[in-house]
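Pasting the structures here.
Heads up, the next two complexes both have subunit A, just with different partners, subunit B and then subunit C.
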Partner chain A sequence: MDIIFKDVNYTYQPNTPFSHHALKTINLEIQSGSFIAIVGHTGSGKSTLLQHLNGLLKPTSGQISLGNTELPGATSKQLKDLRQQVGLVFQNPEHQLFEETVKKDLLFGPKNFGFNVKDVEKELNDVMEQVGLDHTVLERSPFELSGGQMRRVAIAGMLLVKPQVLVLDEPTAGLDPSGQKEMLQMFKALHEMKQHTIILVTHSMEDALNYAEQVVVMNQGQIECVNKPEDLMHNQERLRRIGLDIPEPIESIRYMKERLGLEWQEKEYTEEAISRTLIEYIKAGATS
Partner chain B sequence: MNQSLIIGQYVPGDSIIHRIDPRLKIIIIFLFVIAVFMANSFWSYMLLYFFVFISVGLSQIPSSYILKGLKPVWWIIAFTFLFHVIFNSEGEVLFDIFGFNIYDGALIQGINIASRIFLLILLATLLTLSTTPLSVTDAVESLLKPLKKLRFPVHELALMMSISLRFIPTLMQEMDKISKAQAARGLDFTQGKFKDRFKALLPLLIPLLISAFKRAEELALAMEARGYRGDEGRTKFRQLKYQKLDLVVIIIFTFILLIFFMLRT
Partner chain C sequence: MLIEFNQVSFRYKPHTTNVIDNFNLTINRGEWIALVGHNGSGKSTVAKLINGLLMPNDGIVTVDGTQVSQESIYEIRKHVGMIFQNPENQFVGTTVIDDVAFGLENLGVPRDEMIGRIDESLKQVDMALYKWHEPIKLSGGQKQRVAIAGVLAMRPDVIVFDEATSMLDPTGKKELIQMIRSLHEKHHLTVITITHDLNEAAYADRVVALSEGEVWFQGAPRRLFQYGEKLQEVGLEPTFVTRVYSELQKHSIEIKQEPLHFKELVDELWTSYLKT
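Our next item is the complex of A and B:
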C-alpha cells in the first residue's frame, strides 16, 4: 500500500485563540514495503503526521491517498478498513490496556475488526514469542505486568490485527537498552520477512541510521529533508541547525576522516564497520 | 476533544479585565447575580446588557470565540424561552400558532428569563476566560478566610478546587489520547445500538480512571516529598493586592448599581 501526502496542512482548533498550524504543506511518498524513520524535535509535527496515516485526523487542506482510500472523503467503512491495514501504536501504548486478562486484551483489536476469534487464538503463541513474552502471562491481568511487558502486550495486540503498515510512535521510549534493541530487531525482522511497511518515529538518530531505509527529518511542521541514512552525513550542518543530534557512528567517521585521514569504504554505518576500518588502519600502521 | 466547550478555559491577555483583582471580579459577579434577579424594567435590563457587553469588549477576547463557546448554552436559553412562551398565559393574547395562544406577558417573561440566563453565563464565562484558575482559587480562599474562625477548612477547599481545575484539561487530553488509541484498535463508539455504544465506553473509561488514580497518587507523593503539610505556617508567593485600577472599577460598578436601582420600577 503506497502512501502519498499531497500539500497536506493541518491546524488544531482553527479559528480560536488556540489555533495551531501543526503541519505545513507536507508532500511525502512512502512506498509499500519500505522502512521509514521520522525524526524531529518534540512539537515538530511527527505525532500529528502519524495520526493522518490511519484517518484519526483529517487534513485541513490537501490530499492523502492510502492505497485505495482517499483522505478527506473516506466513508466510515473505508476508515475502519484503513485502521486494520495501518496499525498505529501510540506512544506509551500500555495506557490503552483495560481488559481483565492479557489474552482478552490481545483479542480486543481482532474482535473489533471482525476476525474469527478461534483462528486468532491459534496465533497467540506465535505472536507472544515474536514480541518476546512468555505465554504464561496470557491469563494474568495486564495491570500486574511491568512497563516493558505491557508495552509488548500492546504491540502484540496490534500485530494480531495483521496490518500491512505498522506505525510506531517512539516504541522504545522508557525501555532498557537491551529491550530497545530487541524491539527494533523485531520490527526489522517483520519488515524483512513479511514485507510490512514500517514507519518508526524516534528521537534516536542512531536507531534511524541503523534500521531505516529512508529518514524523514521534520522541523516546525515541515519536512526538512528526506534522506537515505548514509546521506545524513552530508546534511550534518542542517541537522545541527535544527537541534538534532548527529548519529554517533557518523560523528566518529567524521572524526576519523579529519584526524586520521582515513578513507571510509564500508557500506553500512555500524559499530562493526567502524571497528573493522580502525583495525585495518592499525594493521596498516603496524606494517609501514 | 470537545472544542466548543470553553467554560474554564483561560485565554491569556493583558486587558483591563485581565488585570482586575480576582477577588473583586468574584464580588462583582456575586452582586451582578443579585442584580440580574432584581431587574424588572426594560431599561434595567438594557443597563445590564450594556455592562456585560462593555466588559466583554474591554477583555479583548474575540467575541466570536466567546459566542461559539456558548453553543451548548444556546439550547438551554432557547428551551427556557419557548417553555415560557408556550405554557405561560399572562396578559393578552397576541396571536396563536398551531392552536397555542401566545400571550404578550408570556413573551416578555420569556425574554426576561432568557436574558437572565444569557447574562449570567456570559459574565461567568468571562471570569474564567480572563482569570487563571490559580488566581480564582486564590481569590476564593482569600474571600472565605473569615470562615476559618468557624474551623471551616478553607485552605483545603481551595486546594481541592485548584487541583480539580488544573486537571480538567489534562484529563481531557488523556481522554483524547485513549480514545484515539482505541479507535486505532478498531473501537467504534459512534455507531451501533445504544447498548453497544455504552459497552464501547468501557475501553475508554477504565484506562482513564486508572491513570487518574495513578496521577493522584503521584501528585500526593510529590507534594509530600516537597514538604507540603497543609495550611499551617504557609506563606504565599503571589500576594493579592488591590491596585488603583480596582478602586476605579469599584467606583464605576457602584455607580452602575445606583443607576440600576433608579431604573427599576
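Our next item is the complex of A and C:
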C-alpha cells in the first residue's frame, strides 16, 4: 500500500488559546515495501505525523491516501481495515500489555479484528520465533518478563494482526545495546522476507543511516529534507543547525579530514571504510 | 570510603537464584563510578541496595559508616540522592520551585534556608530562570535537571543516576552528561552512573562491569575498552572508537594508550605516525 501525504496540516486544539500548529504543509510519498526512517528533535512533529498513518488523527487540511483509503473522508469500516493493515507500535509498547498470560494478550488483537482464534493459535509459535521469544513464555504473566521480552510480546501481538505497514516509534529506547541491535535486525528481516513497509521513528541517526533506504528529517512541524542515507553526509551543517545528532562515522570523517588533511575517497560512510582509510593513510605516510 | 558492599547477595523471591551474588565494592568520597552491564545484569539492583529501596538477603551495605537497614533508611536517604530513567515519574509540584521544595519540606528545613537552598541548586543545574515554569512543559533534559536540583537541595553526599539519560534525545543526553561532569568536578560530588552506554562510562574515574550479578571487570575506562570485541560476551557494545582502533591494531598500528574518543585516536595517530 502506497502512502501519500498531500499538503497536510494538523493543528491541535484549533481556535483556542492552546492552538498548536504541529504539522505544516507536509508532502511525502512512502512506497509500498520501502524502509524509511523519520528523524527529528523532540517536538518536531514526528509523533503527530505517525498518528495520521492509521487514522488516529485526521488532517486539519490536506489529504492523505493510504492505499485505497482517503483521510479525511474514510468510512468507519475503512478505518477499521486501515488499523489492521497499519500496525503502530508506540513508545514503550510494553505499557499496553494487560492480560493474565502472554498468550491471552497475543490473541486479544486478532480477536478484535475478527480473526479465527483457532487459526491464529497455530501461528503463535512462528511469530514467537520471529520476535525471538521462547514459546515457554506463552503461559506466563507478561508482567513477569523483562522489559525487552515485554516489548517483543507487544510486537508479536501486532504481527499476528498481519499488517502490511509497520510503524515503529522509538522501538529500541531503553534496551541494552545487544537488545537494540537484535530488535532492528528483526525489523530488517521482516522487511526483507515479507516485504513489509517499515516506518521507523528514531532519535538515532546511526540507526537511520544503517537500516533505512530513505531518511525523512523533520523540524518544527515541517519536512526539512528527504535523503538517501549516504547523502546525509552533505547535509551536516543543516542537521547540526536543527539540533540533530550527526552520526558518529560522519562526524569522525569530518575530523579526519580536518586534522590529517586526508581526502575521503570511499563511497560508503561506514566504520570499515574509516578503518581502511586510516590504515592506508598511515602506511603511505610512514613510508614516504 | 563512602559506600561499601561486603559479601552482599540479593534475590527477588525466596528459592530463586541470586541477582547479586557475593558482591563486594568500595566507593570513595569524590569518586565517579560507572556501573555498566546488560539488562538483567544486576546493576539497578546494586543502586537500590545503596539507599535501602532493597535490603540485602546476605551481607552488609554501609553508607558513610552506617549500615543500611530498616531503622537507618531515612538517615541514609539524606546522604544518597537518586535520579531515575523517566523524568515524568518523579514530579510532584505544579511549578519547578514547588517541586524542588518538596523534599526540603519533608525534612522540615526552615523557610529562609529553604529559599536559599532552592536558588542555589537551581543555579547549579542552570535552571534558575525556570523557577515558575510548570515541570510538565519542560523538555526531557530540563526535567531531569529539575529532578537533580531537587536532589541537590537535600545536600546529599552521593547521587546515583539510574539510566538517567536513556530516555532523552541526543541533545538532552549531551547536556545531562555535561551537567554531571560539572557537578563532579566543581562540587566534588560523589557520582554513580548506571548505564549501558560505554561512551557515557568513558567519563567516569572507575568502571565496574557486572555480568550475571558478579563483578566482571573493575578499573579505569581505558582498561575496559581494551577488551574490544570481548565486551559483547557480557552484553556490552564496544564504542565506535574501540572498534576502529581494534581494526588498526590488526595492522600493527598502535598508539600509546587505548583511546576513549575518536578525536583522541586521530590526534595520537598524527603525533605517533605523521608529525614530521
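Following the convention adopted for this analysis, the second predicted complex is superposed on the first by the 260 of 288 C-alpha atoms of A that agree within 3 Å, B and C clash if a C-alpha of one lies under 4 Å from a C-alpha of the other, contacts with A are read in each partner's own complex, and residues count from 1 in each chain.
Here is the rule we use: contacts are C-beta pairs under 8 Å (C-beta built on N, C-alpha and C of every residue); 3 or more make two chains touch, one makes a residue touch a chain.
In this text the structure is predicted, and so the values were computed from the model without any measurement.
Touch criterion met: A:Gly285 reaches subunit C, while subunit B stays clear of it.
Set side by side, subunit B and subunit C differ in how many residues of subunit A they touch, and the one touching more is C. By the touch criterion stated above, A:Pro17 is placed in contact with subunit B alone, subunit C being left untouched. In the superposition on chain A, A:Gln51 contacts subunit B only, with no contact to subunit C. Contacts of A:Gln164 after superposition: neither subunit B nor subunit C is touched. In the superposition on chain A, no subunit A position is in contact with subunit B in one complex as well as with subunit C in the other.
The touching residues of subunit A, counted against subunit C in their complex, run 41-43, 146-148, 173-179, 181, 203-205, 243-245, 248-249, 251-252, 255-256, 259-260, 271-272, 274-275, 278-279, 282-283, 285-286.
Within the complex formed with subunit A, the subunit C residues making contact are 38-40, 85, 139-140, 163, 166-167, 169-172, 196-197, 232, 235-237, 240, 243-244, 247-248, 251, 253, 262-263, 266-267, 269-270, 273-274.
By the touch criterion given at the top, residues 3, 11, 61-62, 64-65, 68, 177-178, 180-188, 190-191, 202-203, 206-207, 210-211 of subunit B touch subunit A in their complex. Listing the residues of subunit A that touch subunit B in their complex gives 13, 15-17, 51, 54, 56, 76, 80, 83-84, 87-90, 93, 95-98, 108-109, 112-113, 143, 157-158, 161.
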